[in-house]
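What follows is a single structure, and I will ask about it in a moment.
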């Protein structure tokens, strides 16, 4: 409810509005998000928008396997890019690769998770909001809405980020949190599993989806099961915004991940041209924000455009 | 001399004779899994519960039946899962971004899906590369297309808003609606699934094409040698799978009114699993459509049953694996009892 | 090695190009299949070189030769499984190059293959009608298929317990009988049989020889491969001898005696002689 | 149907239980394999019922019978592919029930199967030594395997171009020759041959018959299945007749003439007669 | 008469004779893909770039070679990918949470991995269920175990901190270190990969076991009939795959010093893909270890090459699919030219 959507929005003007400086620099964004993941797609959009604006080349890659992610960093190092943006879901695994980049004098900005290790690994700054902080925020909101038993729907078993979101919610909710594993590539299956859970456990009075598509499927499930459970979700889509407007979804956690793509490119560009660093080693926080019925209509268009 | 009077044939009970059929072995697996969950969870065996686990079994079943035909014909289609996504994306994109009528958008989706199936079939039969590798190529390429095109058109990884499209209401009722049976609403997809299974069974058992399918899967060279149009049969099978993918993709798109670009990835193996549980041989030439349909139910029941029992989600996959293994084993033991050493 | 009787070879070749039509049953025989200097290479293997032959309606051509002589390869070219890569192949005087066995079948050429026989997992009746299923409306007339398959096999002296049995569980001879019964049932103009009697009992082999004679009398051309001179001589009208991939000549029945034929096939070693040798220890 | 000569049957059965040892080559023959009332069922199919037989060292037992009589099933029990489900099977007087062909091989029983022959994608020499690879240090003596395979095949009159050729590309007879050469090479005490000559040319078949005689003379017991009376009579010492899964009796060579044997195998129809019939149209 | 003098053998050029070997077909695919990327990206062909794409090719290659042996033997192992995760999790958990020496922890991991392989092999050979379905069961069950046990012990879905464990330095150098070649550091995994390929090639071509592997994959019944210990051969193959999974799991764990519970899921198919690109038949009985190793390089080059070219990540899968298809097609065309109609 505190995201101040309008204000943040001006940070992402259309690419043509500022004259590109055309430094010819190239930056690599390497995240732990699988291609096609709706959260990370917005990060990608942010980074690319910044790249266009500054006239720098931005490449985006993502892989949930830390080994693959570190190989992507190695590749960027051998390509001698001018800066690397990396999300650290698994800092231990990336330590060596990031170390190599730092040794090669390539500036690194860490994003999303891994704030605690950012400075230690030699990154110039950290931009983001760790997943468990976002999860804690969601837990608080749900608690305020009276949820005592929450179903946290995990659509990718073993994904660190998703696990951290659930854990964060667990810490602040105060009630019990049950996990449910579903298969994100088969929504009929998601609906049916959430329904099954709601049918067999009448105590559940809250559902937390970690992906907008799951949220839509869970909404149907709540209807099918005739349950009164409250539904909240991470991240936005046009459908979710509509559902929030209709009161079917209580709120959506909005990490404003657009900034996690946009800002690091800005910082790296400034670092390259002007040796600026931001935050003095302290992380730059991008959220969490919440989209509720109050501000849903404002962000609806933006979500549809892929910037929220 | 009538066959029954042949002194070289031992008298065998009806039960044993029935159990020899591939699908009836699967029925045993079905019963085992059903009893297991039904005994422990009253919700599981309630009409509402049944409607619930039959729903995903239906969409899985439609695909499993088509994939089973293809497997009997000796080929795989790894692109089938992603193609459901492609069909859905085409439907929603055309209807919402280009203002096409839903039915017209579905037609375009069908044409594209059939074209993909045709391409798979042509490449497999022309190059004689294994279909596993060819459709793997298609699988990866379609994944890229789904994501790339969706992003290019919408700027996000999903398209939505089908509800407002023209013609949605009727199409939704036909493909994604529900029917009331004794106060419980069942998904209409179940009807489609039964229809697909019935047609596939008829084709396999009672049509010339069915004979050809078994033959090209059992021994393609021998089949060609007696004049079976092997290439045409295989191409038709790939197109059948593509058709099923279009049907399922449309059902899901109409139901959720939005489609994500990564939908269907990984499902291709679930289809194959359901077909194998239902008694299809991976090497081709053997299996049944009803078996595959039952395999889908077994998978669906095990998948949902674990949730009904409320077992720890972290161990979900463990139970699922154990359950599938047990169901297949029960199937196999029964068939072995029925046929003894026959292989 | 096959020892060719000197003189005969060349004579037969002269006489046989083109072969004089064998008049039989009152009708003038027409050449149906003919090859001229046909050849086939598999990778580096020259399986067949410069083989010329012909079969007329109402005529039985026996193809004889050692193992690996190229008999099956010739058959497979005739029936469209392989495409020849040298020479010409004429059907009804028209040059052809079949892309698939379907095309040969459509010309009325039915074949029993030595090694491409059956689909083991399919039932006997499905195998029997494979590729030529009887229709009934849109579908496959299953009842008729079952009945005809059973009858045809019974007529061959093979009493299958159950036509629903998978072919893979039949005995070797039973399996071969199914293939022969099928070819005979569907053979329209030419019947090609590659060692059809090899796995058959004496009685069943006799039935097959009778089938061949009957097909011949009905005016079909028959190409018959066998290693058994006792099977070849009674039914053959002409004898094509292959050795190591090339033709050693084509003989008419009147050019050769049963003894000479046996000698040719055995490469000089007589079975009778062998029998003596085997008794001595 | 096989028509059994009346009287003979019972007489032979009396005389044959247990069979008198055939003295040959000066040594006293020992019974190696023996079955007593053996039977085998496949699902509802009774493939073999109550069959008793025995083979002694230095003796050739011919198993004769119509297609589907159960000959191959008997062979597969003897060589450990199937397990019998009735009766007893004795090797060297000891009751056995082989769980795998390996166990039979370890007892010196080598077999040529009718349908379980070769691995088509593997080369000739690999197939030849499969299961009994010559060692060289830790590995497989490839050079020796190649050489021996080529030599053994040449000795059979099969001149394979290239022992590296996949078996699947050999002709039917060449493939069968490889199986026979292998069994002969590894046969230690008993050699079982299921229709070994069916796809062979006259010359090659003669070589196989000579092999059988030689094995017999070396003191091996031989079980030999064939449909060709011209092959059976010269080498056989005893003749076991199967019909529709049951034994019709076991005959000594002296109890039966070649003519009677042919008559038994053909079920009364003589090939000579048939030849006449075939000439008439 | 010597073979060369046989008039039935046409003279064939050396090139053609070489190309008939399964692995040399794959080499052509390799060259095609390499030239494609090297022509466009200087980094790709630089020593650093090569070290880059050889690194993932090495771990993939170790698995692909083992999986190729298993596939030649006629079986699949879908649990191989997850088993790399299991081995790594055991290593890191035992070393960090229970204070075991790294080497001891690796030994425990090896024992567990081999036990899983043995179990797969026993179940497949005893029940005669298709290995696809059996190892699918193991795959799911191991997934559950990986997640369930990791969560139970650590409370999260990953374990880390191996760097501080006793014995780490040496183990890391042996399994996950780098070696300098002309100023570029290559991963030591490449050496392991070459060693595994060499041993596997020797076993396949020059050992009795190799003969048995081809035989059980080509025609199991026939192989059993001539006395090949088919069950033991298959069990050994499953254990070989498990061993490779342990090796790769340990290499990755030592290198990244932490393991996530979902690691390795989905990799099983990449192994099979690499083996198939390298010329293995899915139906068994044909293939080579070197081919599989080359298949891994082709996959690795395509996978990393696309990134080097800087193509849009959204379309990544599309290019990958097209690349694999082209590489396999090149391989096939070359082999067909070499053998012509031989099938």
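Residue numbering begins at 1 within each chain, and the chains themselves are lettered A, B, C, D and E in the order written.
Assume contacts are C-beta pairs under 8 Å (C-beta built on N, C-alpha and C of every residue); 3 or more make two chains touch, one makes a residue touch a chain.
These figures come from a predicted structure and were not determined experimentally.
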| item | value |
| --- | --- |
| Chain pair with more C-beta contacts, A-E versus A-B | A-B |
| Identity of the chain that, by mean CA position, is farthest from subunit C | A |
| Chain whose mean Cα position lies farthest from subunit D | A |
| Rounded Å distance, subunit D centre to subunit E centre (Cα mean) | 45 |
| Geometric centre distance via CA averages, subunit D-subunit B, whole Å | 48 |
| Numbers and ranges of subunit B residues touching at least 2 other chains | 8-9, 147, 151, 221, 266, 281, 314, 316-317, 342 |
| Residues within subunit C bordering two or more other chains | 42, 45, 161, 169 |
| Subunit A, residues touching no fewer than two other chains | 35-36, 157 |
| Subunit A contact footprint on subunit B (complex, rising order) | 41, 43-44, 48-49, 52-53, 55-56, 59-60, 81, 85, 146-147, 151, 154-158, 160-161, 189, 252, 255-258, 260-267, 270, 300, 303-304, 307-310, 313-314, 316-317 |
| Touching residues (chain side subunit E, partner subunit B) in the complex | 123, 127-130, 132-134, 136-145, 147-148, 151-152, 221, 266, 272-273, 276-277, 281-283, 312, 314-322, 324-325, 328-329, 332, 343 |
| Subunit D - residues contacting subunit E, complex | 79, 81, 100-102, 105-106, 111, 113, 116-122, 126, 129-133, 135, 138-140, 142, 159, 161-162, 169, 182 |
| Subunit D-facing residues of subunit E, complex | 1, 3, 6, 8-9, 202, 205-208, 210-212, 214-215, 218-219, 221-229, 281, 285-286, 342 |
| Partner subunit C, residues of subunit D touching it in the complex | 24-25, 42, 45, 65-69, 71-72, 114-115, 158-159, 161, 165, 169-174, 177, 195, 198-206, 209-210, 213, 217, 227-230, 233-235, 262, 265-267, 269, 271, 274-275, 277-279, 281 |
